[in-house]
Structures are given as structure tokens and as C-alpha cells.
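Structures are listed in the sections that come next.
Look for subunit A in each of the two complexes below; its partner is subunit B in the first and subunit C in the second.
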Partner chain A sequence: MNRQEIFEKLKEIAELTVQDPSILASMCEDSDLAADLGLSSVGMLYIVIAIEEMFNIRMDDVSFGDFRTVRDVMDYIEQKLKA
Partner chain B sequence: MFEQYTDPQTFAKIVDWPSVTAMWRNSVSVYAQNLAVEDGETAFTYAQLDARVAAMRGALKAQGIERGDRVGVFALNGCGFVVSYLAIVTSGACAALLPPQLDGMTVAGLSRMFGLKALVVDAALRAKLPDPMPVVCIGTDCEGEPAEAVEVQPEDPCVIMFTGGTTGRSKGALLSNRAVMTGTKYGCYGIKNVFEQRYFLVLPLTHVFGLIRNLMSCLYTGSALHICRNNKDMFREIAMFRPTVWVVVPALAEMALNLSRQFKRNMLGDSMKTVICGAAPVAPYLVREYHKLGIDLFPGYGLTESANLVSGNPDNLNRPESVGLPYPGQELKIVDGELWLKGPNMMDGYVGNPQENAAAFEDGWFKTGDLARFDADGFLYITGRIKEIIVLSNGENVSPAEIEVRFNELETVQDSLVYAENDALTLEVVPRNAVLMQLQKEDPIAYLREQIYEVNRTLPTYQRVSKVVVRDTDFKRSPSMKILRNQK
Partner chain C sequence: MKWKLGTPRRGDMIRVRAGQFYHYGIYVDDGEVIQFGPTPDAEHSLLDADIRVCVSDIHGFLKGGFLEVASLSLPERIKAAKPDEIVSRARRELGKGGYDILNNNCEHFANNCVFGTKSSEQVDSVRSFWQNIPVLDVYVAVQPDAPVVQKVEPPQRQKELDACKNEAVRAQRYFAWRVLCAGLNRSLGLDAGRIGLHRNENKKWIANGCEVSLSHCKGAVCAAVSKRPVGVDIEPLNDPRYREALLLRIATQKEKDAVAALPTGEGLCKLWTRKEAAFKRAGGAQFLPEQIDATDDSIRTVRVHLDRDYLVSVAGENLGNLRIYEVSGTDELHCVRRTDFEPF
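After this line comes the complex of A and B, so read on.
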């Protein structure tokens, strides 16, 4: 899976948890998960569960609170998929 | 009133127990070989759990713990918490349940304030605590020579629970054995299948919804409890454990629905039949959507101070906005619109807080601070909070929650908040994106505003909002997911 595909899948996940459609439209790798995407604690939990399900990976070795941007999440997923 | 919603055999089994000790003895005797609790690492049948609890009682006894003492529990959700809690209360002592997210200095302070004789601590949390602690610490894995359970009276203190709340400081509510067992019994009413079920815990055991409606309900009914220790794993564990009952706050119930939509399958599995939803207002949307999945979602109402449950809604599809019928024995009255409570489930008071107690009680009645009404059939509706009443300069008193519930009926609105600004009402909404996306409108926000406008037109003039803000982030919330009105 290439990086663009990872991003598209993350956007798919974000569609059901990010409140404002215009925020989704402007979502990019630099987007800050809390400040730009406005994710609440339940929103963050949703993202983690959906990522594990979507990419068939386990995020047991990291806390989602450690990720600041969409890029951080994508780097992690890329690394997990290569392992 | 609940008899009509329960089969006669089940109803006859819903009995009073004077204490946790008495209830536990009965459950061990009747359900000995049933699974009681598991947490992914450890699993106990009722008989095995009883033996482990007896060994922990022995450890407590060796530390000089006696009937009437107070012992803290500072532990994460898990079998260790359950063993510690049961050992303390069946030793005749009172368990002060300290939320695991508290910092060490606060725990030390509370140990002094509550006069704890000992603190049972999870190994994972020990490093948080200052050294030395003002009280002796025992590990949740401690064992001693098995000690007998101690008989107690119904009025003997059982637990000290922290209140959440959206305003004010946290307080410790003291619940007697009678209160805890009444709150536990209440959870059996209005549900078709009550005994020997499979419960799935995602809520903290330091919250009454987790302790009483999850754990105590299980132990009372010979049910099995799976404790999920990391909520990100909940659906994987649900698939393995196949629970029949989920006790959950509305935000998590909605999350499960959205994930089911995302992955085009029922993430809760085909074994799940009942969702008990509370601790925050439950949108009628959730009742309807869960019904489509073949799951009954029952809203309810209660407080820490009432040992969790006051009412439950067995008529959820016809009256989804109601918090249901008051449970048998629960006394209620409405004074100037405010709900007052009395009954065997009520707390004794806030520990070490005479000022708060004086404010909270009047002639033996507990003043909830919630605004409520009944319909003609005795169903209860919570219409707001007294402290949240807006008084406009024209003299009108407006309950924001009463207005919010009308906008929350829209499927396109996830949550809303009404407040006063420049002597007029402003509405802020969080859109329900999942539904808006499905509608495929050219301008979803304009469509949403149109829907809000239509609802607004139907309200009495003094309740109509003048300004609408569509948020792009959720509201700030308390740990139990209530909107923090003052901080939004």
C-alpha cells in the first residue's frame, strides 16, 4: 500500500468522526489531529479502533496521544505495514 | 409497574439482600461453577473468586482491618480491583474507590481526609504515590490466611464513591450496604433476560455506572463479566467473549454505531441483545438505530448519590426521550420543578463535607438539582439543571436542556447547547456527520440550518434561539461525557 492510499483510507475513517465536512476537505498530512481535526477523546478512540481494523495492525506499542499530526499517524502505519 | 415488562419467574427472583456479604454468599452458593469475572489475563468462577477474596480478607485482617474501617482501592479496572473491593466490603469495612487517574499527592491527601486505615494499590499505580504514604499500602495481589466474611447491618457503610458532575468540586458520596444492594436490585427491573447473562465492562469501576450497573448487577444475577482493560480492543474482545449486555455512556454507544456503519457490519456481534445507556442524556436516535440492529437500548437515570439507578425506561421505542419509570421503593417529588429523592438507595451524605450536605438535603430529601416532569403514565423526563436556568431580562426562565432536547431529536444533530448571549438565546450544534454525508446534500450545513430553523419555529417564542452556531469540534466534556457548559 503506498502513502497516498494510506492517506485516502485515513480520510475515509475521518469522515465519520470529524464534525465539519469543510475540515475534511482541507485535511492533509500536516493537519494537527486535535487543533485542526477537532478530535475529542472518543474521536481519538474511534480513529485508533478504525485504523487497527482498516489496516489490520495492532497499535499496542504506542499511545495515540503521542501522535500530533496526520503525518505522524501515516509514518506509523507505513512502518507497521512494512514490518 | 415493572412487572408487566418482566416474566413472572424472573420477577420473583429479584429480591432484597441486606448486605453485599449476604448477596455474595448466595451467588457463590447458587452459581459456583459459572464464570464470574475475567480480564484477559485472569478468569475466576464464582467459587474461585470467593477463595481469592477470602485470601485477600486474610491479608487485610493481618493489617488489622476490622468492621467499620475505611480502606481505599487505587487500581485499574481488572480482576485485582474486583477482588480488592469484595474483600474489603465482605470484611465489614468500607471501600473508598479512588479513580486511577488521580495523581499521587491527591491520593495521599484523600487517604488522610477519608481516614483510611489502608490502601490497596495496583502494582501499575504504585510508582505514582509519594514515599512515604500516610497510610499502609497493600498490593491488589496480596494473599493471607483465608478469613471468614463478616456479617454487617444494612446501614453499615459499604463504599465511598467520587461524584463526577459538570460543576463544583468532586465529593465522596458514602453509600451503605442497603443503598448499594438497592441500586443493584433496581438494575434487574424492566429487562427481559436478567439472570446468567454476559456483561462487557468498558466503564471505570470507580464510577457507579461501572460498579453497580455492571459489576454488582453481574454478581447479583450469576452473570459473567468481561473487563476490557484497553478500550481500543473492545470490539475484538466483544467478538471473543460474545456478551449479551453492554452498559455504556451515549458517546460510546454512538461510536459503536458509527464503526458499524464504517465497516458495514454490526461491531457488537449477534449475541448482544441489551444496551443499558446512561450517565448522560440519551438521544432518541440511539434507541431507534440500535433497534434496527436487533438490540434494545434502554435509557435510564441515576446519580452517584442514588447508588446509580433511580429510573429505567422499558418502553424505550414509544417514549425514547423519557428516562423511564421510577424503580419500586424510590420516592420522588418535584419541588418548584426540581426533582427531590428519598429511598433505601440514597447516600448517607458526602464524607467530611457538612456544608455540601446541608445544601444537598432538606427534611431527609436529596435535592438533585435536576429539573423533571412526569407524563400521565408516570414516565419521568429530565428537562434540565436548576443551575443552568437562564433568566432573561423579560423575566422568562428558560431551561436550556428542554430546548436542546428538541434540536437533538434531529438525526443531523449529534449534540447541542443553548446559552444566553446579549440577553438572547444562542444555539451551538455539533452536526452528526455520518447522517449528513449519507443525505448527499449540495450544501449539508445549509440543509442542517434549515432543519434547525424548522424546529425553532415550533418552539414557544420565549424558547426560540436567535443565533445558531454550527461547530467544527465537539464540546469540552467531563470524564462521563457530559458537556462542560461553562467551558464548552
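After this line comes the complex of A and C, so read on.
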């Protein structure tokens, strides 16, 4: 899966978590998870579990504080998929 | 576990609503609740590092919310520790951090104190939500002129490809399989070589934890991936082989009426792909098109333009969740979501 495909899949996950279409429309790699996507810690819970289930990986070596932007999440997923 | 509004007793698991979820703690007395949460001096912090097993009073725990007390069933009461032991366990954890909303949150802490094992119904229910998201993904691709043929998994499929005497057919089936593998990975994070893919007695491909369907026609291939039984068929829209005689042979009057507004060839293409998709979903032994109702609501047909127009029919559940991806590439395949397909 290339980086664009990872982003597209994250966006599909975000569609089910972030209800505001205007937020989704502006989502990019630089988007801040809290400030731009409005994710609270609860929202992060949904996202992390969604990533585990949808990408079939286990995020057991990171904590939520490690992810600040969409790019941080994508870098982690990319690294996990290559392993 | 059930919950009730009421007066807690020493050693009770308690909780209070905190937004979408609940915050949990162990009740000692009104002056002492032991919880895994922000310490009093970092009450508004969002940092995991400021979250510790700490003491607050009942008002600090509730923050104006309603107190709920765990009401254990008989089996739960048998498993639960005695109140003094619960409080001891909680006090032994005072000062500890390592908060992790997935694996070590306040609910994990409270359950560990009461039952000796960490668990979180809240996390489990979120995980269950994502595990049960309907998936109905269809991958379409133009057949390349000369796909690079490499080994595929599982071995049963490789044997079938090796047994193909017609090189063009072999290349088409090989590419269809590669598209399926790309789809399994993209939609469900699955490796085709590790999910027990094999043909059943009716020659339908089945696997562990997913459902698949394959189709190929002149110029294109198509693969469907779902968590529920699915069937897919792809045909070029304006194939000159579609003739009225065939329509008369396979279509009921109801079906003819359903496609009456379409040119014969298009109507037949629609009916044919729908019958094939339905047959593949059902996984029957013999394809008898005249016995399959192509007007059924469990089948959806769309027009997709690749190098030309194709009809793709998908039979399955959750048709409203249908997503279509176009696959391209040679050595490595990439999938791009298409949103420009039209209902047909």
C-alpha cells in the first residue's frame, strides 16, 4: 500500500469519526489531529482502534501522545506495514 | 455488568459519565476515591504523563455528575475480591502512571482492583464497532497487455494457473488474482496466502474471515471483498454478442419489463451481470440463469468507465456501503477510489 492509499483509507476512517464535512474536506498530512480534526482523547481511541482493525496492525508500541498530525499517523502505519 | 444510581459501599467500583464514555474509580469512603486519572494539581491536563493512580474525594471524582455503582451479578460477585482486598489493591497502585487509553485506562484499573484482570467494556465496544463495519469493496482493472506473471498464493491457485493451456486466459486469471490480493490487503489488511483461501465443492473461493468473488471479461477484471457473502460480475456494456434471442432465453417477463427502456444489448448485459453476481454470491453448483431473479434488491448494478464502459453488478448485503476502486500498476498494484460510477 503506498502513502496515498494509506491517506485515503485514513480519510475513510475519519468519515465515520469526524462528522463535520468541512473538516474532512480540508484534511491533509499536515492536519493537526486535535486542532484541525477536533479529535479528543475519545476520538483518538476510535481512530486508533479503527486503524488496528482496518489496517490489521497492532499499535502496541506507541502512546497517543506520539501522534500530533495525520503525517505522524501515516508514518507509523507505513513503518508497521513494511515490517 | 449492570450499573445503578445509589449509595456506594467500601470497595465498590463506581463510575461517572465523562462525555461519550465513563470515568471509573474505586470507592473507599466519601473522602477517598481511588482513580486512574489526572492528579488534582493537573486536573485539566490532557497529557497521559499527568495521569496517575491518585486519590480524590467523591466530589472531585464526580465533578457534578451522577454517581453510578456497579451492581455485580452472582458470578461476578464470586469472582470479585473482598472489599478490603479491593481497596488494598487500589492503594498499592497509588502514584503509578503508564496511562494508555487502549490497554491501561481507568476502567482497566478498576476492573483489575475488583477482579484481578484488566478489562474495558468501553474499549471492547469500540473495537466491536470497527470489526463490524460493513465492507463491500469492488476492485476493477483494465487487463494489461502483458502482465508480469509471478508466483501467487495459495498453491491451489498457482496450480490452476499452471494448468491453463491458453496463455491469454492464464494471463487474465493471473491478473484477476493479483487484483483480488490487492483488494484483500487494501480493504481488510489481509494476506491472500494466510487466510486459507480454497475452492469449495461448488468451486467457489472461500476464506477465513472474509468473502470474495472474482470476475473477468474481455478487457477487464474485477474482484469483490466483503465480510458477508458476495458475488460480482463485470461485462463490457456494448458487447455485440448480446442479442435478443439470448434475452428471450434467460429473462422472465418481469425482468424484460425491468429493462424495457434500455436498448436490447444494454438490458441483456444488465440482466446477465446481475444473474451471474447473484449466482456467485449464492455459491450454487450449477448456473441456471432462467431461475435467478435479476430484479432482486440484493443486487446493484453500476456503470464504470475504464478504457470503455463496463457494467459491474454486485450481489450482497449493505449495498449502500459499496465502494469501487480502480487498480493500476504493473509490478506493484495501486488502488484509487472511484466515486464517478453511475447506477445503471
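The definition used in the following text is that the second predicted complex is superposed on the first by the 83 of 83 C-alpha atoms of A that agree within 3 Å, B and C clash if a C-alpha of one lies under 4 Å from a C-alpha of the other, contacts with A are read in each partner's own complex, and residues count from 1 in each chain.
FYI, a residue touches a chain if its C-beta (ideal position, glycine included) is under 8 Å from a C-beta of that chain, and two chains touch if they have at least 3 such contacts.
Please read these numbers as outputs of a predicted model, since none were measured by experiment.
In the superposition on chain A, contact of A:A25 is made with neither subunit B nor subunit C.
Once the two complexes are overlaid on the shared chain, A:N2 sits against subunit C while remaining clear of subunit B.
When both complexes are overlaid on chain A, the residue A:G38 reaches subunit B alone and has no touch with subunit C. Residue contacts after overlaying the shared chain place A:M59 against subunit B and subunit C alike. Of the two partner chains placed by superposition, A:A83 touches none, neither subunit B nor subunit C.
In the superposition on chain A, A:L16 makes contact with both subunit B and subunit C. Of the residues of subunit A, those at positions 12, 16, 40-42, 45-46, 48-50, 52-53, 59, 64 touch subunit B in one of the two structures and subunit C in the other. Listing the residues of subunit B that touch subunit A in their complex gives 231-232, 234-235, 251-252, 255, 258-259, 261-263, 414, 430-431, 433-434, 436-437, 444-445, 470-474, 477, 481. Residue ranges on subunit A touching subunit C, taken from their complex, read 1-2, 4-5, 8-9, 12, 16, 40-42, 44-46, 48-50, 52-57, 59-60, 63-65. Those residues of subunit A that touch subunit B in the shared complex are 12-13, 15-23, 38, 40-43, 45-46, 48-50, 52-53, 59, 64.
Note for the complex: subunit C touches subunit A at residues 19-21, 46-49, 100-103, 123, 126-127, 130-131, 133, 185-186, 188-190, 323, 332, 334-337.
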